[in-house]
């Protein structure tokens, strides 16, 4: 997440606490400026600052992945250059999201982008927000360039996820991550590389433990921990009738936990007091 | 599947062979008149005949589940009465699919329907075809009636599936099945009751073995068998650019295996010779 | 509309009053068993009865058009035979609405259907309910058969409507109607044949007058009458947050006007007393 | 349109020719950085330059409207400040297009944005690209602020357009424009303020003439000119199976006419030689 004080100001103390919190929780890397990071709602200038500050605070303890998703290839490349200079390990890119492209145009877009990148890149599938999904064959085509080192799927489509894993089965060094935290354990049991899960902002250890249980094929432990994750999803993220309940709930949760401010960038707003109290209750009942 | 000779004639020899084939393969039940069964493309009269003939051929060796999905509640109830008289174990119903309903109307529709049913019922989630998905809370509300004994989800949405399982966690006798075969193994490992998978028409033993591996928490075996399922999906079901590639491929596969005719009810058509030859190759390469 | 007493019983007195009401209002034809007629929510048997009874009551005073839209080509043909025997002038058919087809399959479906029809046919575009829109070129292809005499577009897409008119400009005998009543006047001014507008169930003379004003290129009169139509749309059809507000409001309006019962077939329900009172007020304020 | 030499360079000679071309053609204003202007595919820096250069070339001969649509409210405000300083008459804004908002959030977003604007604003409805449509009541709410002086609708939904006109009927100073050129004439005949039509980049006089015919209620003249517009739409914009055929065709047309380069910003590409030749033929056949 991106801790904010207002639409154009980072909550610097919050960011520092958040970085320490997730590092202490044992996560294997940090991904900034994705959907959960509200990247598209931030000005280009603030995105640059977020990259620099996170890198400074993280001090290379774990890999930093930086979202460069933009509708402009030029602005995407500027962000990727900033990420490179800040010492990030890789960039992450979802398709341009104003104009929808066909699959050949999508592949060509990435081929052009990659040519000018200094860093390795993860493709990021987020069709509900970008309108277009990477066809498995398009991923394979783009990934013929070795700079393409992985894929994150936030479609929540389990059949699609299996199809991507099957299509990429011969690229042993290609990482495949799942976005929705409800699906992380099963994805890892089926052979995925891991999850990029928003809830790890609040409870990093829970998600690391769940990953470890799945990775070590301990199904009984998986089911116990999964139940905690589902409790989070069905309370903190499902509070009110907002399309943005997930973002509101997650940022409110971080605020309730004392980590950072719950300001949400326009066009969203933080929870009112009534919804916040429900998040407080939900966190208490979790007993984490 | 529904073996057909033309738009209004069952392939009776094919139906008999198909029933024997899947029973011999060890499946735990048969679901007719679902999406894979092309129910909506069949006349009301042919659906009635399909129920009677399948029941006659099956001779109660395993449970028979009958799809009664229709846009008319009256015609749905007629089909359910036929199913009851034919000795079916339960009916299966997806929402009315011409007019989209809100969740309260959806719950009320089922409350009315269930009142007049003789048989237990499974709810069937198929939002790509019916336009509306059952919200987890709507399932819970409808399932307050004990005649509602289970749920089949064909949305392919893994987050949604987990949310349904979590919402229904206290109804121990409520079965939850997954439609897309790509997701069956992981769903079962996470606690689902099983799969209702089209590929089992062709290769019932493979899907039973995969279910057994998942149910006995044998992840290594799951991954080996899953790879076969993904091979089927990426060849037999992905042959050409048709929206109906799955149905065309599956019915062609049954024909190639000598089980039944590959006639598809309008508005679809069977594969031409070129596509059929690809299915033949795909089946040979599977070595099942 | 289809006047109903319950899910499987016509309101026969209501149907008689409704037929007389619209004939007296000067409409140029009657279209039954379309979307506004709730055809898909009626049993096959009730649809047959609706055709016979309407034909009997109408006594050929004006043309009767009969919707035969169904997911089964066999059941569509049965309905068209009933319509033929009842003396209907033509049938009207929207695409199969469970499975979505591509354009070639859509054309082939209609080519097969038309071969077996006794009556001329209008194609009916309703993509929000059938998932697929007729591409203008597909209309042209299907209409190479002279039995295809017209097209009704309920997409509300003004660019598409113009494209269809332009594509069919050389078929002088091909009628093009618009469904949404908000668009009828402008469509007719641009050269369309007329409207098939639900509001004409309640206020047939208003819609006939608006058609006449548009057809005689009297733009000032059009704007005055259009304002009445928009008043109907923004009050009677926009009452509450239901997806089915249009159907609920229209049937409630007929009941308030003393024409027929306001029972809606499942999955919908009629308005409660509070919403009904708003319809009563709206009708009073219309001063028609 | 935005004449480009590459992804980050304006075609300055082309821009000058384009400005002179449309001014000479009699258009009543120029709208830059909309969808047809590929604004979202341009870097923030290039958008700033486009505003400054267009203003310089236009020399206030006709009003300049500037698109400030962005997912970041901060970057939108920076663009609007540039537009203000460059002497633009108003800004134009479509909703944030990565995260979809509900109607209350949409209204609040604009209330915040407007507070900080120096210039008047037009709302821009483009739901296919922004995922959310302005409900008519939301437009009314936002337009309570007098800085909101108009609305442009590119939804192509004729019922919706009429509903917006009806809802705003008491705000006589509020302009309502239609985007799709196929609908411009009918919209103006029904009372709309005019069109913002891409084709006017190529053939400004045709669109001005069509507007004048519609505005003077000359339906016969409208139908003659409309036929030319439909010829453009069905040839130049419908060349190949691209989702971006409209943009490719329009920019190719400008190049064929000798006005500017046909470079399209990523993720799109200009037409190949075969498609270009079809545009050349189409323009010849138009005889404009």
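As written, the chains take the letters A, B, C and D, and residue 1 is the first residue of each chain.
As a convention for this text, a residue touches a chain if its C-beta (ideal position, glycine included) is under 8 Å from a C-beta of that chain, and two chains touch if they have at least 3 such contacts.
Being a predicted model, the structure only gives us computed values, none of them experimental.
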item: Neighbouring chains shared between chain A and chain B, ordered by label; value: none
item: Chain located farthest away, centre of chain B as origin (C-alpha); value: D
item: Chain centre separation (chain B, chain D; CA means) in Å; value: 48
item: Length of the line joining the C-alpha centres of chain B and chain C, rounded to whole Å; value: 34
item: Pairs of chains, among all present, that meet the touch criterion; value: A-B, A-D, B-C, C-D
item: Complex contact set, residues of chain A against chain D; value: 7-8, 35, 40-46, 71-75, 78, 95-102, 105-106, 108-109, 112-113, 129, 242-244, 247, 265-269
item: List of chain C residues in touch with chain D within their complex; value: 156-163, 165-167, 169, 180, 182-183, 185-187, 189-191, 217, 219, 222-223, 226-227, 230-231, 233-234
